[in-house]
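Shown next, in structure tokens, is the structure this report addresses.
Letters A, B and C name the chains as they come in the text, with residue numbers starting at 1 for each one.
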Amino acid sequence: MFLMNAWYVAAKSGEVADKPLGRKICGENIAFFRDAEGRIAAVDDYCPHRGAAMSLGRVCNGNLVCGYHGLVMGRDGKTVSMPMQRVGGFPSVKSYPVEERNGLIWLWPGDPTQADPAAIPHYEWANSPDWTYDVGVFHVKCDYRLMVDNLMDLTHEAYVHSDSIGQDEIDLSPVNTRVEGDAVYTSRFMYDIPAPPFWAAALRNNDLADDVPVDRWQISCFSLPANVHIQVGVAHAGNGGFEADPKYKASGVAVDFMTPETEDTHWYFGGLARNFKADDPELTETILNRQRKIFSQDFAVLESQQHNMDKHPDRRWLMLNIDSGGVQARRILERRIKQEQEQGLALKQA
Amino acid sequence: MFLMNAWYVAAKSGEVADKPLGRKICGENIAFFRDAEGRIAAVDDYCPHRGAAMSLGRVCNGNLVCGYHGLVMGRDGKTVSMPMQRVGGFPSVKSYPVEERNGLIWLWPGDPTQADPAAIPHYEWANSPDWTYDVGVFHVKCDYRLMVDNLMDLTHEAYVHSDSIGQDEIDLSPVNTRVEGDAVYTSRFMYDIPAPPFWAAALRNNDLADDVPVDRWQISCFSLPANVHIQVGVAHAGNGGFEADPKYKASGVAVDFMTPETEDTHWYFGGLARNFKADDPELTETILNRQRKIFSQDFAVLESQQHNMDKHPDRRWLMLNIDSGGVQARRILERRIKQEQEQGLALKQA
Amino acid sequence: MFLMNAWYVAAKSGEVADKPLGRKICGENIAFFRDAEGRIAAVDDYCPHRGAAMSLGRVCNGNLVCGYHGLVMGRDGKTVSMPMQRVGGFPSVKSYPVEERNGLIWLWPGDPTQADPAAIPHYEWANSPDWTYDVGVFHVKCDYRLMVDNLMDLTHEAYVHSDSIGQDEIDLSPVNTRVEGDAVYTSRFMYDIPAPPFWAAALRNNDLADDVPVDRWQISCFSLPANVHIQVGVAHAGNGGFEADPKYKASGVAVDFMTPETEDTHWYFGGLARNFKADDPELTETILNRQRKIFSQDFAVLESQQHNMDKHPDRRWLMLNIDSGGVQARRILERRIKQEQEQGLALKQA
């Protein structure tokens, strides 16, 4: 079960250029395309004529043209025209509220009347010229909430990513979790430690020494429906750590959007936003490539969890202090999904 | 549900040479082989000894020899012999009426007592020295009736095959559908138009100019159980079109046989019969290769329809004038399948 | 349904070195690893913390360390430690009785209190310096009992392996089957025949003429849970056959262990033990490579049986004299499985 009345990252802007894109989100097959003004549009990926996937078609004058018999569909899911046919009585298909912000396409899979574009989060790193970022798009064969758990507890870096961002000191540093409304924060601070390979490289990339002790921080923030953004970085030790002057730092925000595809698969959009050398696109690509390897290590573990969950649905997991971030995030999600369903039921009965 | 009392194309002759062929047709696993006279035979692909697939075995003296322990089965599904065994009490497996005509193997999956070889259709293009043809064999992951729909409405050529046989003029020309007994005809005539790439090439292959206006025709004919043959071609404009003298024409019959494998997969036998340059086998191969690309475009669309049908079994499709050929063909099929089932029930109760 | 209270070959020793091995046996996901003394250990492949597969982790000081968050598990399935955690209250996972003998790892998937290492069979060929052997590990997509049938009736060699160990004379020689307690023996003796390719090569490998008539024997022995060992060989004809002096022989024991993975898949460990040129590891590899080809021929037939069984679960197979070995083996298995289940029920009620 998913929270339907929410904005999800559905695609990167570049994935929808002159051709449509078909993608399943929260169980719904959706065709994305651009209208005549280049604005993003999203409709049910289903031709009302004979059921072909609209995303196999093409875009013409800002409408989506079915690749089978040429039914022309507008961004509202209504048939605009079809050669030699009167289309007045054609049934419409669902259209979805969809918005584009700073290179990301956001979809609202639920009740369109409740969709408020102003509720799409505003991120400093996405809007400031001091920052740059990129995310990769990954199809992961597990429940999206397993990825939320993963990102709300970075203890795993010491094990899953021991060759890049992991280091033993993570294990030895306590975490702190707190809930603020529908947001959850988990933080960990480490002092006077060596920089692990990923951050040593980032220090070098930022023209800083990488062979001196550093202070390191990780501050994960979960927000609805399934976004986790993590302030991460290192500063030369003794300069204030997270609060240090930028000249001592290599840091950024690990940007993670999880979008359910089905109950046990999801789309993962992940990357790093940074405010050093923001004008170096080659460095952006280098960092994302390092992360691709890191993410693939996560996917192997998460898919094994999914497999074991399917085999032993009755077994309960432990809830340790390190798991608290994920546990709290799931509670918020569950409460909101329940609310949404009760609200839907009430509307039906009214 | 399939029409069982009917002749289906099961294979091309060349697919059953000295080795047996295993193929599932209308839900039945069947082993095809040749007897001592080279006559085609078809039996249940199941060894009565230990259930191995007979089609993994070999043919010896016109019998099928199980590849596991050497049970020898005749074309009637009875065990002929087995080393060191008395086989008198061995159970038989089903044998199927099967016939070979002009390079095609025809199977009757239903009640053998009703199988009349004389009911296998006779095609001029298959029997006349003025004609030649070849078909490809394709496994398609959709209900065979979606392919019938496809072939009874060639409007789709303008979209699915815009780079070969499609052209905008198709869309702008009305179609006419008529039913005659259990046959359905859909026709479309276009006048004074450019030849699309496939037909321009065919004109050149027939030593005719390809840069002059042509008249073009498409006359689809559906017959039971799921055969669609389409008279197709172009003639230099103003010479009578479909009725023009052969010297102005490149034309032929698009030959399509659909044979259900399961409820949502089928075998597709498709190619072009032509009566120009009939003695040029290289041209036959060239044309079939052009068609392979065309067919693969169809498969992508049809499989997306199947996917959407599975997801939304409740949704009804539109029935426009262009769909009329497929709609009528499905009605005939449904009526005949219902008749067949009632007849079977009556026989059981009698 | 499997016999659970039994020793199964689970892996070759070399498959579990410094990394853990995950393998499903009798429906249970199991992680194998070595403790600090190098002794083999087997636990449920499930981390009690968050359900990740323990086999994705690493081994440290003889314990298994979860690759997700570092939970340290001992060979008894109990949590030894976890960074920053008190683990006293952590639930244990199941550990399995497991033993290593002569290059093979044996697992007892059932009730641990009934596991007696002394019940692991002792094989002369595995313990004598005069002998050598190797087995391959194969994943086969069929019920393990189909492989038992296969090995208890070597008639199939004449058909399935006609290019290696098969020859027509097999077919013409009667088999004898007898039951001794829970063991079943099937034997066949052939006299004054040519050596088939596999055995001709073995004669040459043993510096014996391969172009003279031989006597050949096959004595299959089934023992619980699903082991079939076959005395096989040829001797120059007229020297006593199976009883001949070794100087006239190329012979050995075909070693086959079948270990269920699921109801319709199994792990197959197969090879040849021999007492000629036992000190020639290159010959061992040569023979195993010849066998790999032979086994793959079996797999194709067995998987076709499985497919036909699934399609026609109601059909009964013939039980000929040649099938008697497999039939008797299945009866013993069924009886023992029934006993085991009644015993389990009685224990529960007590």
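Criterion: a residue touches a chain if its C-beta (ideal position, glycine included) is under 8 Å from a C-beta of that chain, and two chains touch if they have at least 3 such contacts.
All figures in this text were calculated on a predicted structure; none of them were measured in a lab.
Colleague: How are the chains arranged in terms of who touches whom: line, ring, star, complete or other?
Modeller: complete
Colleague: Quick check on subunit A against subunit C: do more than half of the interface residue numbers occur in both copies, making it same, or fewer, making it different?
Modeller: Under half shared, hence different.
Colleague: To lay subunit A over its twin subunit B by CA atoms, how big a turn is needed, in degrees to the nearest 5?
Modeller: About 120 degrees, rounded to the nearest 5.
Colleague: Centroid from C-alpha atoms only, then distance subunit A to subunit C, rounded to Å. What do you get?
Modeller: Roughly 47 Å separates the two chain centres.
Colleague: Specify, in ascending order, the residues of subunit B that touch 2 or more different other chains.
Modeller: none
Colleague: Under the definition above, what is the set of subunit B residues touching subunit C in their complex?
Modeller: Subunit B reaches subunit C through residues 29, 45-46, 48-53, 56-57, 65-70, 82-85, 90-91.
Colleague: Spell out the residues on subunit A that touch subunit C in their complex, using ranges where they run on.
Modeller: 149, 153, 155-156, 158-160, 171-172, 174, 300-301, 304-305, 307-309, 311-312, 315, 317-318, 320-323
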